[in-house]
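See the structures that follow.
Consider the two complexes below, in which subunit A is the common component and subunit B and subunit C are the respective partners.
The block that comes next holds the complex of A and B.
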């Protein structure tokens, strides 16, 4: 890894170099009634719109790789003949400016599933390859538990990572593309003091991470507690609304539907993101449903993320970003659910 | 208009369809006429034999009947039964036909004679409790919404013509609301029936910063109990939830329960 220091005043120059491309970054969306300031990722044209001091976005940056609706193939009819057209949707490079460690690690997890041979998702792969990603150190919220998921720091998955140190930015250069772009900027070598400041920043951030999930032996405990009564209570609360999967940076499930145009001259296979919490997620031909009850669907979500995925990839399918819990109207959060399984009961149940 | 439609080289028959309205604002039918860009393709796909809003001629030789509106008069009961006799397939078009719609709001008053006097004065008029089509005849397919969403009707009709399965989403409005990255209305202090209402409208209201009023009726297995707890936690008065639950008729039972708890209608 190459470490450099960028004077804060140079950031605008860096931004200007990149904004010739489509650039996505955190923007403010106004306050919630409880006083929280809400943020989301959106296209940014001026550096003033970029809110690098954001806490957490409501929605993740997933949509730039896995749009809610995507045509996986279009069939154009000509008489009794037809032609298939496929568009991976990566028409231009995309700069993601200001992703936190959790969201970069989320992309790394998605890569493991979606780029794996022999059946990689080429729509995802094409967009991922056309992305230039600038990470930025975060401001943890009380909902963040990234450290419990091993996702609080970035080792790969982005082009460079910025950590503000007062007037300067500590820069971790992680790709040759980033190295070449940075060449035209005024960078200096970090001093011993910069290294210290970087470590102090990390410690300060760590102190703000108050939410926790005890992941010790979690795969085994989930096996043992498959019939735990806590699932009944969580199932009673769950609205089966899919909000958790929609805001989650690591959920990738989808449904596929064939849609024919009104003039019958065109058909398309449309992929739509889905959620294992939705009533018909496990519905099969004949109307049978493997998970007709809310409690079994909610349980499945946790078993995929914290058991099945860990057994397959040695890591959970969760980065502890806290979005699912923050946005769940029923107040179902990962730390609470896992703690209740360990405890054997739901608090205020 | 060409008669020789085909799909994947297989000829496609244009079904004869009729559009009918009972007690309603005719807004659902208007939706279908609304988009000139696709209207001709729509007319090309089916053969319309009855459409008061769109044409002068009328006939009763139709296979598919789209019926808009609630049933509120004795003559409507008769008309509906006749439509049922003529059509192979009866489709309830819009929330009035599916649940009684806004019209059923009058049913909650205990004294129908008083309601009639308040609205119509001494004018002699037959006006009974508003009921959905399914209370009178067998309905083969429901298309929800007040009004229906044109794109959805077009997709359903295309699937019917091609003999494909017609499926409604089983997830609630929240799913599509999140797809639009809306800020949740509850975060803005507003109530919303999105978590319990059937999706498919593309989160029409929340995408315009209005909480859902439940016009498409309950999603299957809707968790109304939990929504009531959420509304209470957010300090939103139960009356505001009731306004929405009773508006379109889809949540009739739940609305009755809440109204009873609040001490009935004043």
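The block that comes next holds the complex of A and C.
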């Protein structure tokens, strides 16, 4: 990997080089009801709008790859015949400025399943290929358990990663196109002192990662505890609203619906992001529902993320960002659910 | 100014827009419709493009996604023989938005199909051995493809038994072919839950037919050279498979076809997941050993 040091004052120059493209970055969205400052990813035109000191955005950058609603085909009717037109929706390059390690790792996980042969999702693939991603070191929140999920640092999946070191940025250059762009900036080689500062910064950040999930043997333990009574309690609390899946950077399940225009001249096939917690997720034609109870749906979500995906890809489908817990209306968090499965009881149950 | 990235440089976006989602999508015509019961119809479908039609190779047990533009898309088991390639037959019950729409169609209508998808009943590995096929209700729909495949290669197999249970005689499917199956030396036994005027066959559960068949065989033949294919409603699998195991059949030679509501058929939407196994990629046909390792499968 190629490491450089960028003077903090050069960041604006870097931003100006990139902003000729559509550029997405973290912006402030005002306070939540509990006073917490809310951030989200949005299109940014001026560097002053960028809030690189953000804690966590409400939604992840997933929305730029897997839009909540996406037209996956248009039918043009011609008498009794029709023609199907498909547009992958990647019309312009997109620069993502300031993604944290968890969100970059989330995209890497989505790549594994969505780009997998023999049927890659070409809508996702086209957008993913047209992205330029700049990672940025984060300020952990008390809900972050990324280290337990092995998602607290970035090894690949972005073009560039920035870590602030006082007045400088430590830059990890991870693609040739990033290297090419950085050539026009005032960069210097890192010194031993910079390396040391980088490690100190990493240690300081690591100390702030307080939430933990014990993932030892989790695939087996989930199988052993399939009939555990803790699922009943979590199922009783879960509202089956699907908020967790909407804010989750790795949830990708969807439903398809087709619609016809009022003049009957056109039809469209629409993909809508879904949630396995929603009541009709596993319902089949005729009304039979394979997971009619809240507890079986909530349990399925954990089994997919922490058992099945691990068996398929050697890693969980969770980056430990904690968004699901932070936004859950019933206060259900991953660390608590998994701890309760290990313990065999729910605290305050 | 740096023009960073443009879609032209990417592998995926290089494909011209206006192409289909993937090369598995074919336009097809409904060439014929046969009403079979009050709620089920048999649809004969032909892929329009001759090359695509000839290249449409599928195996018994696989399914397609059928799309009616602007109405919906859903998975359907192929009911015809694999030797027919892109001339396929689908038996469909009118039960949801798409299937009720289909039930109102006449021949000549253009639809879209993608596939074939999923795993198959490994009939080629059953050569020289006995096969017991057990279908409950609509389970006869995915079962007809292996039946036709076995029929076409009848000399290569040992004893073949088909046991078919339905709620009422009037709900029996493919009745017009039952006599033919029997003539090709397939032991077909049909049973119904409730009799209707004119019914002379047995009344009861499909397990009664199976018990009779299992009483006729030898344990060593069941253990070494007997395969079972089971299709039906979720409640049917456990009792049937337990009986087969008790008779000595190997778990690797018992095959079930599981039904889930797929939205993509390509392992991307998660709607058909059992645990995290995709019914569309790893199934719909599973051997019983795999089923035992899947929580909530049956």
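Quick note on the criterion: the second predicted complex is superposed on the first by the 349 of 349 C-alpha atoms of A that agree within 3 Å, B and C clash if a C-alpha of one lies under 4 Å from a C-alpha of the other, contacts with A are read in each partner's own complex, and residues count from 1 in each chain.
Note that a residue touches a chain if its C-beta (ideal position, glycine included) is under 8 Å from a C-beta of that chain, and two chains touch if they have at least 3 such contacts.
Treat the numbers as computed from the prediction; the structure is a model and nothing was measured.
In the superposition on chain A, A:284 makes contact with subunit C only, while subunit B stays out of contact range.
Contact with subunit B, but none with subunit C, is seen for A:40 once the two complexes are overlaid on the shared chain. Of the two partner chains placed by superposition, subunit B and subunit C are both touched by A:80. Look at A:68: by the touch rule set out above, it reaches subunit B but stays clear of subunit C.
In the superposition on chain A, A:240 makes contact with subunit B only, not with subunit C. After overlaying the two complexes on the shared chain, residue contacts for A:263 are found with subunit B alone; subunit C is out of touch.
Of the two partner chains placed by the overlay, only subunit B lies in contact with A:273; subunit C stays clear of it.
Judged by the touch definition given at the top, the superposed model places A:155 against neither subunit B nor subunit C.
Taking subunit A as the reference, the larger set of touched residues comes from C, when subunit B and subunit C are compared. Residue overlap on subunit A between its contacts with subunit B in one complex and with subunit C in the other: 77, 80, 82, 258-260.
On the subunit C side of its complex with subunit A, the touching residues are 1-7, 9-13, 15, 17-22, 24-25, 27, 67-74, 93, 95-96, 99, 108-110, 112, 234, 259-261, 263-264, 266-271, 273, 275-277, 295-296.
Contact residues on subunit A toward subunit B in their complex (touch as defined above): 29-30, 32-34, 36, 38, 40, 58-59, 63, 68-69, 77, 79-80, 82, 236-243, 246-247, 258-264, 273, 275, 278-280, 294, 327, 329-331. Against subunit A, the residues of subunit B that register as touching in their complex are 5-9, 12, 38, 41-42, 44-45, 154-155, 157-159, 162, 164, 170-172, 174-175, 178-179, 181, 183-184, 186-189, 194-196, 219-221, 223, 225-227, 230, 233.
Touching subunit C in their complex are the following residues of subunit A: 17-18, 20-21, 72-73, 75, 77, 80-82, 84-88, 90-93, 95, 113-114, 116, 119-123, 125-126, 129-132, 177, 181, 223, 226, 252-260, 266-269, 274, 276, 281-286, 288, 290-291, 296, 300, 303-304, 307-309, 311-312.
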